[in-house]
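Heads up, the next two complexes both have subunit A, just with different partners, subunit B and then subunit C.
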Partner chain A sequence: MASPYLIYSLIFFLFPLLWAVYLAFTNWNLIAPDYEMVGLRNFIEAFFSESVRAAFLVTYKFMLMFVPIVIAGSLFLALIIHSLPRLKGLFSVGYFLPYLASGVASAIVVKGVLSYNSPFNAFLRRYLGLDIDWLGSPILAPLIIALMMAWKFMGYYALLFLSGLESIPKEVYEAAEMDGAVGWKRFWYVTLPMLYPSFYTVTILAVGLMFGIFTEPYVLTGGGPDYSTHTWQLEIYNQAFQKLNAGYGTTVAIINSVVTFVSILVFRKVLEKWGARHGWE
Partner chain B sequence: MKKKGVTKLIAALLAVALVGTGCQGQDGNEGKNDKGGGANNVVEVDFWAAPNPTQQAFWKKMADNYMNEHKNVKIKVSPMPESPSSEAGIQSAIASGHAPVISENISRGFAAQLAANHAIVPLDEFKGFDELISKRQMKETIAKWKFADNHQYVLPVYSNAMLFGWRMDVLKELGYNAPPKTYSEVIELGKKLKKKYPDKFLWARADLVQPTWWARWFDFFMLYNAASNGNSFVKGNKFVADDEAGVKTLQFFHDLSKNDLLLTRKATDPFENATAIMVDLGPWTFPYWAEKFPEMKFNQNYVLSLPPVPDDVDPKNAKTFADTKGLVIYASATKEQQQAAFDFVKWVYSDANNDLAWFKQTNLPPARDDLSTNKAFASYLAANPQLKQYAENIPNAIPPVDNEKVVDIQELIGKEALNPVVKGQKTAEKAWKDMKNAINGVLK
Partner chain C sequence: MQDMVGSKKIKTMLLYVLAFVVLIIMVFPYIYMVLSSLAPWEQVDRKIIPTKLTLRSYEWLFAGGEDVVPRPWLRAFFNSILVTLSSTALMLVTAVLVGYSLAKLKFKGSRFINNVILFQMFYPAIILLIPLFLIVRYSGMYDTYWAMILPKAVNLWAIFMYTNFFRSIPDELIEAAKMDGAGQLTIITRIVLPMSKSITTIIFLFLFMERWVELLWDMLVVRNEKMLTLNVLLAQMFGPYGAYPGPMYAASVLLTLPILILFIIFSKNFKEGMQFVLK
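Take a look at the complex of A and B:
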């Protein structure tokens, strides 16, 4: 029974992975018939590269912005949908729609709204005296990208929270009520702890997502200003397909995989420890 | 038992896969022979056209017409894959052994990368190359395309001699009847503009503060080519740029920035909305204007000009950047396929009417020396006067750098020179020196 999946994994995961590891030690440029083994040169170069360092730091910066926003936003949406007396399905689908929207299309819309001469900016300048360079500021540009991504994924993560909310037994709430936990207390001491499995899933998904950001910064900022939105995927794309450094690009991709793996492992451990302390083994 | 079952299944699948591969290998070989002209002597040519409907339609029609006259050739026109860019699509195709025989939409910079890796063949070694050049009247235009190894790897299909557009309506309000031609005239005009309209800018270009490599074609190289009389930037592996012209170009950007004449924020249609009164303009913009901004009328609210030059340079000799792409033939094809592809191209360009059809269909000026003088194009240019200046300036347009490190080189122009100068972080002299050192480091 396992063999079809085994064969599939061999062909589409293991062989490409081994091939990528091999390429990471070469200077292949994708089109040359010949290439050489360069040992650890690519890794050393990546270690000292300004753009790789930027990609590493920018990912955590995005994480700091995106993860709290998307968790708070999707939980809020889930609570609203959960409290609806009817049409829950319709609203769930409605909030899920941005997830299906093309990243390129939404980035182009955001670009238009934030452009210097958009009605929005013209209004800010004229009536509030605010002249803001939204995508030219190293602080605002990543925040805008994080907000865009949060908008896109909020509906999806809200569904995960919603299923968590729906699975909390009524008896738990009744028992809590008898102990005097109502309103805010009920939410804080009953609902939130009972949602731990959903929090766990959403946090791990959101953290993992941060290592694969490409479309939004590619369309909106190109990784600028001053590398403030330069992600791993942009770096890999630039190296492999713009500069034809496929060997080096693969090295960066391998480093990205390792960093992603370690980061998710750390987050998992922290979340599991926190869960265990609150009765979730 | 269970383990035995799994082993049997894997063995069966492997057997099927092996047999399948074996069959494919045989078919593959036969296919290859057929493509190269097998028993029935039909040569198959895969032609990748630019991924836009107009260019595909043109090449499809040309291929159909050619095949009607040449029954021994089968040309299959398809759009080049864009995953995530057309260059990346070609690279993947070469890497996986599925490159076409011929493709268009190749820039000189990318061709340099392909040529350096022997992925494309020199076109000047084909029988009939000189005849093609003389029949298409493109001797002068293609001369500038010669690579450092003295070969021609790309046949330019179109050449957009990049020009600047000027809002003539605003210029008239400021007392001008023609666009300024020298740096000091531009700055003077900018000062007048700011006095009358503090909210307007001379040039809106967000890329001036970004190191985006290809953006340098439409800002730095337009002005550098004009200032240096088209002096090369890099030749082979040597940085040969004109230092004096380079520093003057950067100083001009510095002066524009210092006088608050540049809008370096992303703006939507700033020229069309008259937020800025100057724009780097290619002919691909006109169909967009016809649809979205029908009020944009040539010689009424806008005019075109070559890039401005330093005060001590004669504006009449100004050169500009050529946004140009062309055809290449891939080394992975058989000799027979390569020759068939070349013969097809030669046939297409032996008739000026085909270039006229291209021009009408795509609005992109064919890369010919005689575009503004050949009678075949006269009526079309008369009906589209905004294209005339583009046609006239094809011989004045300098194609991009032909070095395989073009991306690094142009990224460094932005990072070390143009971006910091526009941001006021470096003087023109220091920026040029830093850029030169960095580029020399890449070229080593």
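Take a look at the complex of A and C:
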């Protein structure tokens, strides 16, 4: 029963994978019947390319903004749901709804809310004297996209924290209370360390997500201003399908997957070491 | 004592108020989207709550303006449903079959397949984008529905979930059915699937949601305007319709509302179902 699956994997996975490796060493432009093997030229070119370097750095910048926001936000949501005596299911579903949003539709809302005459900007101008070009700023534009993604994924990650919170045994809290840990102290010294597995999962998921951003910057900023929202996927899309450099685009995709793989590995190791040092599990 | 009970009640009430306020903030973009799609045009993005409601944006969306040709929004909507449903159905069927084989059938090479799946799961899919596009182009699938369905007929996460779930079904049940002369397919449809209703609902929802908002792939493999999905059409009109925010909100509602309704209908045991998925 699984052999059709193997055939499918052969066609849609193994074959394209090998083809990708081959393409990465060519200068094919998607149209011309002829192309040449160019050795490592694509890789060298990518290494010195400004847009590839931008994609590389922008991803970590997104991480720096997105990961803390989404962790704080989803933990907050999880704590609310957890402390409610009733209607937990209702609020879990409610907080999860943003996950259903298409990046295109949320880009339309964000563009509207941040447009020059919007109530939000009118308020800022009138009462605070602030006139901000949100999407034209290389610092604010990525922050806005990070916030959009945080909004989308918060309710999802909250469910991970929630199942972490629910798995903390009552006895642990009782023992902590005997030792005088209540309120904030209890949260800081008991709840948070016990949530380490959830933190670990959410962080790795959130970090991995940052390597695959496409829709939001494609629709909203086109990677700009000044490459400040230029992600890996945008770079690959631009190279392969706008400039028709299929060979070079594949090279960038391979570099991207190596960078992703190594980054996630490093994050895992660091988090595991950090957890082990403090005796969390 | 009385006081403590009273203050606890107030605390609980404040908690509900907080939970509710946060809920409103979380769904505010949806509310804003719906209100803006119904607002008179001079109030779109000028007022949060419009002073009166009108269907002009929807009429314009489907009929077009004086110098703007209407786009096939309804057609795009049905394209999205067709593509998403077929793709999701195939992903479910393949996941059930492969998951069942891996969990319950002992056959040569099952470990090998397991490893293939694990490898594929941890491999960044982006590397396949360009060669997959070329396969679609050379096989003649370009600009057909097949291009959006066939390369998205298998989902590794779904296989993984079903394999784990089926492992928890006792072997005795399946052995007993076999003694009664049931074939593998009968066992799957009569015994295994009825036991996996709640996990199937959750997997279906996730696959459907993710497929519904796919942009990059659907944008690459289809050019014919009659075959575009709603999400792609909306993305394409983002710039050209920039001066018509009202209709853009109307189109966003068309894109978002069906999936919200579908989700809310199926979300009855959402929290319990998620517990398994998140494990």
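Definition applied: the second predicted complex is superposed on the first by the 265 of 281 C-alpha atoms of A that agree within 3 Å, B and C clash if a C-alpha of one lies under 4 Å from a C-alpha of the other, contacts with A are read in each partner's own complex, and residues count from 1 in each chain.
Heads up, the rule we're going with is that a contact is a pair of C-beta atoms (placed from the backbone, for glycine too) under 8 Å apart; a residue touches a chain by one contact, two chains touch by 3 or more.
Since we're looking at a predicted model, the values are computed, not measured.
After superposition on subunit A, the partners subunit B and subunit C collide with one another.
By the touch criterion stated above, A:Ser115 is placed in contact with subunit B and with subunit C alike. When both complexes are overlaid on chain A, the residue A:Tyr8 reaches subunit C alone and has no touch with subunit B. When the two complexes are overlaid on their common chain A, residue A:Phe241 makes contact with subunit B and with subunit C alike. In the superposed model, A:Trp280 makes contact with neither subunit B nor subunit C. Touch criterion not met for A:Phe43: it reaches neither subunit B nor subunit C. When the two complexes are overlaid on their common chain A, residue A:Tyr196 makes contact with neither subunit B nor subunit C. Contact with neither subunit B nor subunit C is seen for A:Tyr35 once the two complexes are overlaid on the shared chain.
With both complexes placed on chain A, subunit A has more residues touched by C than by the other of subunit B and subunit C. In the overlay built on the shared chain, the residue A:Gly136 is in contact with subunit B alone; subunit C does not reach it.
Within the superposed arrangement, the part of subunit B that overlaps subunit C, taken from 37-45, 91-99, 199-207 or 433-441, is 91-99. Contacts of subunit A with subunit B, set against its contacts with subunit C after fitting on chain A, overlap at residues 1-2, 6, 111-112, 115, 117-118, 237, 240-241, 246. Of all the residues in subunit A, the ones that touch subunit C in their complex are 1-2, 4-6, 8-9, 11-13, 15-17, 19-20, 23, 76-77, 80-81, 83-85, 87-89, 91-109, 111-113, 115, 117-119, 151, 154-155, 159-160, 163, 211-212, 214-215, 218-219, 232-233, 236-237, 240-241, 246, 249-250, 253-254, 256-257, 260-261. On the side of subunit A, the complex with subunit B involves touching residues 1-3, 6-7, 29-33, 111-112, 114-118, 133, 135-136, 222, 224-225, 237, 240-244, 246.
Residues of subunit C touching subunit A in their complex: 12, 15-16, 18-19, 22-23, 26-27, 29-30, 32-33, 36, 44-48, 94, 97-98, 100-102, 105, 107, 109-110, 113, 116, 120, 122-124, 126-135, 150-151, 153-154, 184, 209, 212-213, 215-216, 220, 231, 234-235, 238, 245, 248-249, 252, 255-256, 259-260, 263-264, 267, 270-271, 274-275, 278-279.
Listed in rising order, the residues of subunit B touching subunit A in the complex are 6, 9-10, 13, 84-85, 87-88, 91-92, 94-95, 113-114, 117-119, 204, 206, 209-213, 263-270, 273, 275, 404, 407-408.
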